[in-house]
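In what follows, a structure is listed as structure tokens, so that the remarks can point back to it.
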Amino acid sequence: MTQTTQSDSDTKLWGETILELLAGPFVGALVSFVLAIIAATVLITLAGFDVLEGYQSMLKGIFGSPVSMADVLSRMTPLIFTGLSVGIALRAGLFNVGTEGQLLLGAMAAALVGLIDGLPGWLHISLALLAAACVGGLWGMVPAVLKARFNAHEVITTIMLNYVVILFTGYLANYPFHPPTEMMPATAYVARSAELPRLVQGSQLTIGLFVGIGCALLLALLLRRSVLGYEIRAVGLNPAAAEAKGISQTRIWLLTMAIAGAMGGLGGSVEVLGVHRRFIDGFSPGYGFDGIAVALMGFSNPLGTIPAALVLGAIRVGALAMDRTTRIPADFVIVIQGLVLLFLSTPGLLRLILQKRRAAPAPERHLTPTTS
Amino acid sequence: MPRKDAMTDIALGIRGITKQFGTTLANDSIDLDIGRGEIHAFLGQNGAGKSTLMNILYGLYKPDLGSITVYGRPVEIKSPRDAASLGIQMVHQHFMLGLPFTVAENLVIGLEPRQAGLLLDRRRAESVVESLAARYGLNVNPRARIDSLSVGVRQRVEILKALYREAEILILDEPTAVLTPLETEELFDIMRRLRAEQKTVIFITHKLHEVMRVADRVTVLRNGRLVGTRDIEQVDEEQLVEMMVGRLIEAEEIGDATAGQEVVLQLRDLRAVDALRGIEVLRGVNLDVRAGEITGIAGVEGNGQSELVEVLIGLRPASGGSACLDSVELLGSSPRAIMARGLACIHEDRHEKGLVGDFTVTENLILGKHHLSPFRRGFMLDLAAAHEHALEMVRSFDIRPPLPDREAKYLSGGNQQKLVTARELDVKSMRVLIASQPTRGLDVSATRFLHQQLRAVRDQGVAVLLISADLDEVKLLSNHIAVMYKGQIAASGPRDTFSDAELGALMMRGSPETDSPEVADDANHSV
Amino acid sequence: MSFSTEQVLSLIAAGLRQTTPIALAAVGITLSEAAGVIHLSAEGIMLTSALTGVIASHFTGSAAVGLLAAIVTGLILGAIMAVADINLKANQIIVGFGINFLGIGLTPVLLERIWGSRGRSGEVNGLPHLRAEWLADVPVIGPIFNGQSVLFFAGVAIVFVVWLVFHHTPFGLRLRMAGEHPGAAATSGVNVKLMRYVSVLVGCALCGIAGAELSLGQISLFGRNMVAGRGFVAIAANVVGGWRPLGGVLASLLFGLADALQLRLQGGAIPNHFIQMIPYLLTVLVVSGIGGLRPPLGLGVAFDPEEK
């Protein structure tokens, strides 16, 4: 046994605690976003556009009228779901890039269930949403199984499986479920009873928003206060400790990806039943990938997903307005998204400054000094 | 065995080396000379400070105090590169070899022979390997891929790598930990060849018999201090054991066992196999652990203690025999099921695997029981109950600061230990508590506190199984002592049955006679 | 359904055309990942450099300058990737997607600025193609190689050089060890960070060339969605090729031929959707261990030899 030469100090300095807070996720997300806006502004100016005009039209596009604000909320809706999907997986230590595929499969499931005739509205919608969640959930488990069984890295499997789904649903929408008279690559319109009621005249906002917020609240409750949520967090934070105490990493991976897939699927179904009322090949402009930005900005917290989705939805809507009234293309906000990701990817500068308090130095992974 | 009568040729001079990590003094003023053409063993239990010293020599750590000379010249070793330029090379326990590459490629990387200045001259690399191998008697195929080679051969590649880089001083870290007995013998031959070439070989081990077989001199470390350096010819195993294993303990209340009770945990012919090496690590363990008693297993580390614990808590499968808790078989159950039946365990690995740093104290305290009442109500956690529980734990174990909603990573090291201990000891209807190296790394007061806890638990009627490499601790706490040797219980009985000499002999040879030859070594049978 | 010889040859030629950009990008990805840095940004880099190549050609009238611009673009984006991944030890997956988004967002902006269009650029001087009278008459070889872009032939040379360096030079050995076991590399005196820097930069430059091939090499203009997921197909090719340059090229060839085939089988028995799935399904199989291929063990883990 080794002798100690001084007694342990009991508390951390309060100053250090404040620094930890500053390095914490909320401020980090905020700072990253602000930095991204600044960087984007610089780029846009360099490209020779009028930045002020751009921002003006963006703000007008967001706040200009009740309809525009409703549009923001409508645009935010699928982002909540995809953000939740990526976010909950992150909490378990998994990188779910497959939300796009989960979303599309859920959308297709809802679109097909929506074709059934003669059901009362509430039942029809519930069934469609349920089908979407189930299909998405099952599909979400596939990369988890591959990882648990074969150690297949989930980033690669999910990216590839996305394309498989894109192609598969594209096939379905163009061939077997394609109405013969239809020009667009789409399925038939769903029955009236399956349509999600719109909330605001002139906008595509539906009650889907509330489903999304409801899911966010549900997942927040799950993570914070349920047994499963506790286990998910444990596995994500210290899988060795969790395993030693009887929590099966495999089981948690499977359950988490099922939930993540269900969220993605619901997101797709809400878009189909609320906005398009049918499955159109290519309807998703990459909601699944945007979910990565939403999840990271919401620091993987389900409640954080809501403001993050709101912000991202707002700048998307604003960008469309900007596109219409100025010459700056709407895609430009994707640059902001990319910059946010880049800034969020680096471990906080503050955290680098803070010393990690340990009894022995943290073992470096490859050049591990002997430890016997 | 060539002897050195005087240190005429000192390869390494170590003076006053001291290194502290946080509150732990890993090396306490080490003074030592190691000669050229010498095989020098570093002996000590886990945590004694052997590795820290080696890492300092290899340039991975910087000593707080002290100096080093190499062949008489004072040097500063700031990185492995510095060490290499001084001729110091290390063969790590976890090999530094790229698996899909060949032996030749792994050997020459960084100092590659070239063809036409730009291309890799594979042929020359291979012939270099062959000539080095021939010179030192290390049989190896230069074109073989590392992942096709056995562990023993991989180690040879590592040694060749060091030799290619013109190592004069070779440090081997626990080299036999992963070898079969046959491979170990081959390694010893290699070490002797190296010595014949005037190389200095330093090897770290905790296995006495190896030291006696191959070393010229041995240094024993304990608790960070150098206990002594001896010529092998002038020392015997008992003396080494005494140097390795004793420690200073302040007087404690010894306390008595409650009268011999029912057998709670019964092990019969328990066997287990190490798949990687193909040897039996538990070779028929027979043991009774009684309620209201502390049964202490003494023994030099590496005789199957860790594996025994792993089997009992369900993290390692047994290959034979039985382990019954309250007459019901334990083997084959999941860790969770075993915990549910009242078996608690303070692991030796609790440092890394004990805590979730970002969880609060409260959350950490229920890890492993979070799915049971009272902490669970349906699908949800009963946070109020968890909080109550945390307050109680924090109070009775004096965890500071007493803030259950603080994240555990903010606690000091000692308080984190207390946190884990508190959790492990808090098992409802605990029937058996296994404490494996429970006070390793703890200071005197924390150690005393833990001993109190163990006795308290015992007094509640729990059957306590203490496994410790520290013989004094075992003697202090146990009502009943068993000695583990080569995967079996060599002897067991009430504490006072054994004299210290007998215990020493049992730990080293498996037989209580102090001058009998070593018990027949049928640990060599492979599976 | 039977093919005439002519059709088969023309199919192979088309397949090679499809393969070129994918193979170039795949080899670039291989370089980076073999050294241990995850590379997910081929899509964004190819898109951006396809455009900058066209822009440069537009302003200078020279496709060669365009190619140069594409390479420089790759290097710039590669520098961002390298600094973030190696120096700042950022999460390499997030960085990968970040750069992709950057490319997807920036290209329409530039397109709008210069051509005032949301869809495509104007036509510019493209890269030359091999057109030789004598070659056209050579049986088999002729129809296949005649008409291929200069980057196809350059690509063959590049792949050969990369293969040589990878497997037969000390540099290649060190690069691969840096990815497989950075600790072993470092203790042998290899500068792991430098290896990774070089491999990322060169790899991204290759992706830039791939982008130039798509625009300047094939249609002499830039279209908004012209990369169309090929960056991810290149990732797939790298995986299926076992993280080796030759393997990546062979996989790209497979995918390229399949792609050319599926275009010709439109309306055939198997809907082309399913043929297009092949690369992705193969990748999932490979990464699940079929074929015994695996990524370098040090992939994605930041390495710091200074940490004690």
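Which chain is which? They are A, B and C, in the order written, and residues in each are numbered from 1.
Please note the rule applied: contacts are C-beta pairs under 8 Å (C-beta built on N, C-alpha and C of every residue); 3 or more make two chains touch, one makes a residue touch a chain.
All of these numbers come straight from a predicted model, not from anything done at the bench.
Q: Per-chain Cα mean versus the mean over all protein Cα atoms: which chain has them closest together?
A: A
Q: Of the chain pairs A-B and B-C, which one is connected by the greater count of C-beta contacts?
A: A-B
Q: How far is the middle of chain A from the middle of chain C, if each middle is the mean of its Cα atoms, in Å?
A: Each chain reduced to its C-alpha mean, chain A and chain C end up 28 Å apart.
Q: Which integer distance in Å separates the CA centroid of chain A from that of chain B?
A: Whole-Å distance between the two chain centres: 45.
Q: Could you please state the distance in Å, as a whole number, between where the Cα atoms of chain B are centred and where those of chain C are centred?
A: 49
Q: Could you list which residues of chain C touch at least two other chains?
A: Only 181, 183-184, 186-187, 308 qualify.
Q: Return the residues of chain B touching two or more other chains; collapse runs of consecutive numbers into ranges.
A: 60-61, 80
Q: Going through chain A residue by residue, note those that touch at least 2 other chains and give them in order.
A: In chain A, residues 361, 367-369 touch at least two other chains, as defined above.
Q: Using the touch definition up top, name the residues of chain B that touch chain A in the complex.
A: Against chain A, the touching part of chain B is residues 20-26, 28, 46-47, 49-51, 54-55, 58, 60-61, 80, 92-94, 173-174, 204, 206, 223-224, 247, 315, 334-336, 339, 347, 349, 352-359, 363, 367-368, 370-371, 376, 379-381, 383, 400-401, 409-410, 412-415, 439-444, 447, 470.
Q: Would you mind writing out the residues of chain A in touch with chain C in their complex?
A: 43-44, 47-49, 95, 97, 146, 149-153, 155-157, 159-161, 163-164, 167-168, 170-171, 174-175, 289, 292-293, 296, 327-329, 331-342, 344-347, 361-362, 364-369
Q: Under the touch definition given earlier, write down the residues of chain C that touch chain A in their complex.
A: Within the complex, chain C contacts chain A at residues 38, 40, 44, 80, 84, 88-91, 93-95, 97-113, 116, 118, 181-184, 186-187, 229, 232, 235-236, 239, 271, 273-274, 276-277, 280-281, 283-284, 287-289, 295, 298, 301, 303-305, 307-308.
Q: Taking the complex as given, what residues does chain A use to touch chain B?
A: Interface residues on chain A, with respect to chain B: 1-12, 17, 225-228, 230-231, 233-234, 237-238, 240-242, 244-246, 357-361, 367-372.
Q: Mind pulling up the chain B residues that touch chain C in the complex?
A: Listed in rising order, the residues of chain B that touch chain C are 60-62, 80-81, 84, 96-101, 105-106, 109-112, 114, 118-120, 122, 161.
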